[in-house]
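Each remark here refers to the structure printed beneath this line.
Residue numbering begins at 1 within each chain, and the chains themselves are lettered A, B and C in the order written.
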Amino acid sequence: MSISGFLSQLLAIVMALFLAPLLMGWVNQWRCWLQNRSGPGVLQPYRMLHKLFHKESVVAEHASSLFRMAPYIVFGCMVLACAIIPTLSTDLPLSPAADAIALVGLFAVARVFISLAAMDIGTAFGTLGARREMLIGFLAEPALLSVLFTASLISNSTALTSIVEYLAHKEFAIYPSLAFAGIAFTMVSFAENARVPVDNPATHLELTMIHEALILEYSGRHLALIEWASALKLFAYSCMGLALFFPWGIAEAEAPLALIFAIPALVFKLAIGGFLLALIETLSAKMRIFRVPEFLASAFLLAVIGMLVHFLLGA
Amino acid sequence: MNALISQLINLFASVILILAFAMLSQRRIVNLIHLYTWQGLAVVGSTVVVAYVTHQHHLFYSAALTFLLKVILIPYFLHRLINRLNVRWDIETLFNIPTLMIIGIILVVFAFNVALPIAKFSDTVAHGTLGIALACILLSFLMMITRAKAVPQVIGFLAMENALFLAATSATYGMPMVVELGIALDVLVGILILGVFMFQIREQFDSLDIRHLEKLKED
Amino acid sequence: MNPLYFVFGTPLLGGVVLALIGHRSYARDVNVAFSAGSFIASCVLTVQIIADGPLFALEKQFFIDPLNVFLVTLTAFVGMTTSIFSRPYMRVEQDHGKMTPGRMRLYHSMYQFFAFTMLVALTTNNMGTLWVSMEAATLTTVLLVSVYRTPASLEAAWKYFILCGVGIAQALFGTILLYMAADRVIPDGVDALLWTNLDAVKTQLNPTIISLAFVFLLLGYGTKVGLVPVHNWLPDAHAEGPTPISAVLSGLLLNVALYAVLRCKILTDGALQSQFAGELMIGFGLLSVVAASFFLFRQKDVKRMFAYSSIEHMGLMTFAFGMGGPIANFAGLLHMTLHSLVKSAIFFSVGHATQKAGTQLMEDIRGLIKVSPTVGWGLMLGSLAILGMPPFGVFASEFLILTTAMRDLPWATPLLLLALGISFAAIFSRVQPMVFGVTSVKPLAHPPALVPVFVHLGLGLMLGFYIPPYLNDWYLQAARLIGGQ
């Protein structure tokens, strides 16, 4: 392992940990502005994390150790995910540990544990949330996999770093398959990160909530970890999207100094991405839960068509 | 630069394919007409690109003809039709859309498989899109089967014609002009007759639901 | 002036003229006059072809060869006799209030345009124009099928339009593929769809493309031929439209569609050098024969029953052409001619019978022989002829087809015999009480003018004994042409 590789890996993790809540705050702030409200400020997630970490964690009487372990596992998964996604540089020593397919698996592990923990308490809401979460998950994963396969087919590799390197350096060409994959990826990201139109992160209405229902029983540092983990998940998805579809500005192994330019590039891209996310969320209405399968089926369809189109057109 | 322009053909073809899927799952009649118009526009776009890349002048004429017919005349006619029939905001219940999509994907795979060995014999710039054209034909066919109302069935029929036009452009740079004019005339007359028909059907059944038209069966 | 122009120019002019005056009482005679004009022109054309051999017209866009010349004459002839039949028939329909003057105008005008599209389809050399005119043939007849505006007729017309539209769209895809294959061989792309050009280079056409093209063309034009399983429109359209239209649909349109398939088959055989096209046609043909014969038994409506009989016979022809070889092709062509003549004669008689009875349900039509001996005998003899009873020509053609099948495809023979037996039983058991059953209806005062019926049946009878030498010659030449020589 080279020193520069070690450094860029470390930088990627630290960046993820500290930028993720900021991204969350940025999106929430824009949502407020777009809805003509004065927002709490972009730093609000940090304050919330700070507050939660200093609170006592109350755990239900019948909770098993699974319930206590779940936040750590979820948080760990998300940190690892952020570590293997090329956010700043493609020179990541950890990335051989997991390719694109394993990354999907990593998200799945987190999902399974949070769902198990939600059911562990035995409250109605937890079970309900877990069921909905699994429903979304089992529809979103094939779509996400198809998106990644399309990118893999184009670059002949399933390792995220090689995909990004290939896409960043090829001659500019119009890839209809990538365009479809991009739309599909956006749809999957909305579902996976519990955003409108699939889920509303700001609601606690029992008929509609999905993600919030899962974590209803958590408090204190456990809740803080989970909130941080979901911020990391949003960050991971955003970076993955940027790396696959807008890969310009990411540093490589041969040019460690490019890292200096990679940071502002990433921040700039994330800022725009966050604004667009808030815009789409504001413009769309939350759909009924029974329409979600249709929504995700469309995402899957787009991704598969993208893949097929690649086979047919070679583009 | 030229390479990029010819890649645009693939993009247009893919957009046409996506629009075919969107039409398959669209419930509102008025949106269906919008989608049809967009599909027509994409067909025109790809034809223009092919014409530009290959310097086939007659393709410009057929693109202009298509634009006139499929982007302006037929949509205008359809809008008038649904206004006069008062079905503008009709919503059709479709059975299980995800299943429909899966069937659609299977059709696409089938079409691509059929077209691949053929397409390699063609040396046109757009030969790759032959499979997409065939897939669109099959998807429009599927749409016609699954629709119970008269207007969506007709739109499915027209979408099939769009796909055939795409096939002609991609496989052979369009048919000879005489034939193309003949086809355009047939389509125009066909849609007029269908319009007359729909009024007759509604007069007779007070509805445009094709399910009324299932009395003639072998019993 | 080339008589070919008059052959299809007359009905075109007739369509325009009748669109203006079609509602007047003398329009029926004008209709006959235009049809007769077209027939006379086709006779002149025939004489000229006998004298001078094949000809081209309009920069090779139109051509006449042995395969289509007799079909042109047949089409013009049946078009004329049907217009003669429709003269009194439609007057009665108008008296019964089923036809308004506006509808009469539509009927007359479209009748001529329909004849025009079929004649263009037969004589065109361009595979694209062939497609356009086949589609136009649907368009001209679809409003005629629904002309009575009853729920059933609207349903029939809608089905006819949609199914044939979808079918013909497949044929267009096939034509595009054909053009794609031709484009690679014929450098000057403009004439690459001319059949004669394609025929000249057929051995160089890419086999992969052509075989796919033929599948689509067979499915597409096969829909109009009425091949099972894409036949659903046919019984409805025949049963619900006016009887003259049923007669021309059955007697002519199906032939023209089969003719289109044959043209494609010749090219496919040349390109593939295999039995692929023939085998497909044998499969579809046999399926149609067998399925139609079983459907025949379940019919209550007389026009529907004879529509299924048409499916059966078209299947038989498809089967014959699928087997190929000089004898089977000869038999197929002969059967095509005879089926046109006999089936339209049957529809003429059925038209009068149903008009008299006021219903198309067979159980309500009884004792035609008492009501009107001419109608009764016309229906009886027509049915016997179409069922292949010996003195009539259908016997000869079916006999030829069956013997060829015994030699080439022994496994198919029992199926064919079974199907023919079933349809004999089905039709005969229905027609017999209709003609000879007991009825309380009073006899008709004036026998209806059924000259066309007996002219057709007479020709059918004649072809059973004697085929005129030049006709025989054409059949042989056309059979060779279909055989790819």
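The working rule: contacts are C-beta pairs under 8 Å (C-beta built on N, C-alpha and C of every residue); 3 or more make two chains touch, one makes a residue touch a chain.
Remember, predicted model here, so these are calculated numbers, not experimental data.
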Checklist outcome for this item: Farthest CA centroid from chain B: chain A
Checklist entry - What chain is most central when centres are computed from CA atoms? => result B
Checklist entry - Hey, how far is the Cα centre of chain B from the one of chain C, in Å? => result 31
Item to check | Distance from chain C to chain A - Cα centre to Cα centre, in angstrom | outcome: 66
Item to check | Centre-of-Cα separation between chain B and chain A, whole angstrom | outcome: 38
Checklist entry - Listing for chain A: what residues touch at least two other chains? => result none
Checklist entry - For the complex, which residues does chain C have touching chain B? => result 61, 126, 128-129, 131-133, 135-136, 139, 142-143, 146, 149-152, 154-159, 161-162, 165-166, 169-170, 172-173, 175-177, 179-181, 183-184, 189-190, 192-193, 206, 208-209, 212, 235-236, 239-240, 295, 298
Next on the checklist: Under the stated contact criterion, what part of chain B meets chain C in this complex?
Outcome noted: 114, 117-118, 121-123, 134, 137, 141, 144, 150, 153, 157, 160-161, 164, 167-168, 171-173, 175-176, 178-179, 182-183, 185-186, 189-190, 193-194, 196-197, 200-201, 203-205, 210, 212-216, 218-219
Checklist entry - Which of the residues in chain B come into contact with chain A in the complex? => result 3-4, 7-8, 10-11, 13-15, 17-18, 21, 25, 97-98, 101, 104-105, 108-109, 112, 115-116, 128-129, 131-132
Item to check | Residues of chain A touching chain B in the complex | outcome: 172-174, 176-177, 179-180, 293-294, 297-298, 300-302, 304-305, 308-309, 311-315
